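Below are two complexes that have subunit A in common, paired first with subunit B and then with subunit C.
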Partner chain A sequence: MLKLLDGPQTLGRGRIFWSCFLAVLACALIYPLFADSYDVGNFAYFLIWIFMALGLCLMWGYGGMLSFGQTFFFGIAGYGYGVLAINMGGGTTTIAALVLSVVVAMIAAGILGYFMIWGGISGIFFGIVTLSTTLVLAFFLGQTAGPEWHIGAARLNGFNGMKGMDPLTVGSFDIEGSALYYLMIALIVVVYIALRMLVNSSVGNVIVATRENPQRAEMLGYDVRKYQLLTFVIGSGLAGLSGALYTSWGQFITPSSIGLPAAAMPIVWVAFSGRNDLTATLVGSFLLLFGFQTITVYSQQAALVLMGVLLLATVMLAPQGFVLGMGKLVVDWWSRRRRRDEAPALADTARLQSDET
Partner chain B sequence: MALVDVKGVSKRFGGLTAVSGVDLTVNAGEVHCLIGPNGAGKSTLFKLIVGLYPPTTGSIFFDSVDITAERPYARVQRGMSIKMQAPSVFKELPVRQNIQVALQERLSGAEREAEEERLLTLLNLAEDSSKLAGALSHGQQQWLEIGMALALQPQLLLLDEPTAGMSPEETHKTGELIKSFNAGGMTVLVVEHDMAFVRQVAQRVTVLHLGKIFARGSLQAILEDEKVAEIYLGKTHAH
Partner chain C sequence: MSAELFSVFYQFADVFAFLILSAAGLAIVFGMMGVINMAHGEFIMCGAYVTVGLVNLGVPLPIAQILAALTAGIIGMIVELLIVRRFYKRPLDSLLATWGLSLIVTQSMLLIVGSAVRGIGTPEGSFAIGGYTFSTYRLVLFGAAVAVLAGLYIIFMKTRFGVIARATMQNAAMAKALGARTGRIYSISFGIGTALAGLCGALYAPTMTLIPTMGATFVVESFVTVVIGGANVLLGTAPAAVFLAMIRMALNASYGQIIGQIGMLFAVILIIRVLPEGLSSVLVRRGR
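Coming up: the complex of A and B.
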């Protein structure tokens, strides 16, 4: 099983990579001991979005399916969490609400994905259909301001959004602040490791082969539609996880979390980071979210313009992604250095052997 | 015993009838070549057999099972293996990973690794195994795809112009490779233009012309058929 952590589909392997990984993880774990609670809460907030980025990386970078509708599943699970948490009575049932809302998002992905993939929709049309679906949901939720729009005790509230749900709670302990931060870190580690193992497994081999040449993959006996649907459901489930965590974090959700600007964000994060690699996406999305959050404090418009500029720069200068490109440069530099270091050592060994003879 | 039985198959694209009422039988254990001039409908018939096109009329049987409505992957799972006309490999993946994807359903662990090495050596690709498949020469890509098709250990190997773009030496080697697999019991259906290659491998030949069966028989009978030479090479060459 552990062999799957290092494989051809993921950049970074071996002792040095995993040492760096553990060092970063250790820094993340001790961060709340030194930071104030506001900053820790902020960190927890932008870690929430990492799941959506990793899900899109799986679908787009590994599976070749550019979904412009990740916020559709984000919204379904976000609103789903609200509806369930309010109607189930809060408290520990919020954990069940979190799980169920992600399951609902995955079922929605299964239905939408089935019709798209079995209907032969691919390429740019995949993006168009998913974006349209997202916009339909955002517009629908926007017109639910009246009191007649409710599910049980949960009012949808139109553009003002749904509020009043409990945060994640175990017994009488609310998972907020540092506790939420540690939950985010734990979930990110689990999801990252699980995705690495998935893409380096035989299933991952087929997912990547389908991205490269679906007809050839089918000619090897694989029903590529099932692999595409699996990828779509997992990626959408991760977007759903972000949505449910977002609602539990802020105890509100509005249609603007689903609309066009929100839907474009994951594309920018993943494109800038490097869609073909999970680690690049994890690191790049984290940096972008941190930067975006920092700039937003001064001007939200400036942050949005920066995102647009970054997307243009990525498309024109580094279509494979800036972070992935830099990662590859570091790996190449390291490999060259090792070869250079090994060459004199080999020459010395050869000279010693010839001296002995 | 018939392994593939094509019964009354036609394929129309709008007003164009590419294949018309074709009956074709490929017996188990033979190397059967499908030849004909350009536009004869060979590749269309090939795609009908592998399931890339649904026939307008007629039925296709594999090992006595009606597979007419089955998708290509289901036909492959029944024991077919396919090499398309243009090299169809996973260009952005390493050569070894291409072979792995083909092998992983049948073998795992050390057995798979051993088979990988055997196939890479057989195809002269061992030294290039870590290269991206897209960086291989045209001929090497053809061999890689043949290797991927062989990795499935099929009952029936379907090859659409397997030697296109190969040098005469590579073509001859490919022919010998096909003969060795046929000697091991594999049935092979080849669509091919190159008559030297057909002479090297074929046991039975079917000639298509204008979407219909023009002639069929043993290699010798087809080679001696003046009408075949006439449609295939043109009248001036036939006399």
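Coming up: the complex of A and C.
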């Protein structure tokens, strides 16, 4: 199992990489001891969105499916958590609400994915169908202001959003502040490691082979549609996890976290970071979220303009992503300085390049 | 009886016009270059703002609308020259680039002009048939949609430009080898596409509130119409609009706008399961 951590589909391996990984993890773990609780809460907020970015990285970078629907599943699970937490009562059942809401998002992904993947649409149309679905959900939730729009005791409340659900709770202990922060760190480590193993496993190889050339993969005897659906469900489920955690973090959710411009954000993070690698996405998304939050304090519009500029600059100047490109530069420079044999590293890098067909 | 029939036709015409006007520009760009212009909604917004600005300066509405469409077309050609041109071989990246552009434009407009602009009222005028009254402007919109389709038919089927454009569409390399300036064809097609988007905004400007994010109101309809219609505007987009308008009209009448939109989306998702290439693939194959 552990052998799958390093492999041809992920960059960064060997003792140096994993030492850095442990060092960053250690810093993250002792951070709350030094920072005040407000900053810890903010950090937890950035980490919420990482799952959505990793999910998109899996679908787009590894599976070659450009989904614009991350916020659709974010919204389904976010509202799902709210509805379930309100109706099932607070306390430990909120954990069940979290799990169930992610399952609901995955079922929705399964249904939507079945129609799109078995229908054989891909590329551009995959993007615009998922985006249309997302926008329609946002419009729908936006007009549910009246009292007749409720699920059980949970009012949907239109543009003002749903509120009044409990945060994640175990017994009588609310998971908030640094407890939530540690939960996020643990979840991110688990998800990151699990995704690394997935993409380096035989399943992951088929997913990447499908991205490279679906027909060839099919000729080799794989039902590529099943692998695509699996990728789509996992990637969208991760967006759902972000959504449920988001609702529990702030105890509210509004349609504006589903529609435009929110739907563009995961695309910006992953494109800027480098969609072909999980580590690059993890690092890049965190940096972007941090920067975005810093600017949003002054002007949300300016922050969004900057996001647009970054997206445009990425596709025009570094289509493979800025963080990934930087990482490769650093690694090249390092290994050249060490005069190591860098041939295998280059061969692997080359394998990650998709031939844009 | 005839009053009821006309009422049904009127509702159909209303939805049909909305679908055709919002999708035609997108469909032309997609059909010619295989590129989906994610900033389509922003060109619609541009058309609406230019119209309202000119009308507030005292320009008569129809002239303001034509000028707005021309403005959007010229801006579109500039955008094609600076950005879209680089991405014809990378359609997915063109999606991202135009989306980035869309974010920049929408949010800059929010920063610069703020959220609300004084609108212009819908042109007065209504007529009655039986016990019902109808707004004349809605029929003008339907007429405009039909005129757009007719205009596209003439441009692409009856002119020299159309012949070269269709040749480029079928096989760009061959057309180029035969001496067609494909770069210029692409540029003009993109300009026509964005001018139609501007026209859509110009025509709907009097009927809605002007906000920088208004483009989002149109994109779902334009996306699904193009998805169903496929690459051919006349044989794809138009029948797709007829079909979707009938679904939408039936649902709108009984359950309201939002259910109409959701129902239309469900219909589209069901259809792509059976017709992934869009309606035009079926119609074109039959035609051969």
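Couple of notes before you dig in:
Definition applied: the second predicted complex is superposed on the first by the 339 of 357 C-alpha atoms of A that agree within 3 Å, B and C clash if a C-alpha of one lies under 4 Å from a C-alpha of the other, contacts with A are read in each partner's own complex, and residues count from 1 in each chain.
The criterion applied here is as follows: a residue touches a chain if its C-beta (ideal position, glycine included) is under 8 Å from a C-beta of that chain, and two chains touch if they have at least 3 such contacts.
Quick caveat: nothing in here was measured; it's all calculated off a predicted structure.
Judged by the touch definition given at the top, the superposed model places A:V104 against neither subunit B nor subunit C. Judged by the touch definition given at the top, the superposed model places A:F140 against subunit C, while subunit B stays out of reach. Contacts of A:N205 after superposition on the shared chain: subunit B is touched, whereas subunit C is not. In the superposition on chain A, A:V270 contacts neither subunit B nor subunit C. More residues of subunit A are in touch with C than with the other of subunit B and subunit C. Once the two complexes are overlaid on the shared chain, A:P8 sits against subunit B while remaining clear of subunit C.
After overlaying the two complexes on the shared chain, residue contacts for A:M219 are found with subunit B alone; subunit C is out of touch.
No residue of subunit A touches both subunit B in one complex and subunit C in the other. By the touch criterion given at the top, residues 34, 36, 83, 86-87, 89-93, 95-97, 99-104, 106-108, 110-111, 213, 216, 219-220, 223-224, 226-227, 258, 261-262, 265, 268-270, 272-274, 276 of subunit C touch subunit A in their complex.
Interface residues of subunit B, counted against subunit A in their complex, comprise 50, 52, 71-74, 76-77, 81-82, 84, 88-94, 97, 100-102, 104-105, 148, 152. Interface residues of subunit A facing subunit C in the complex, by the touch rule stated above, are 66, 112, 115-116, 118-121, 123-125, 127-129, 131-133, 135-136, 139-140, 143, 259-261, 264, 267-268, 271, 299, 301-302, 304-305, 307-316, 319, 356. Residues of subunit A touching subunit B in their complex: 8, 202, 205-206, 208-209, 212-213, 215-224.
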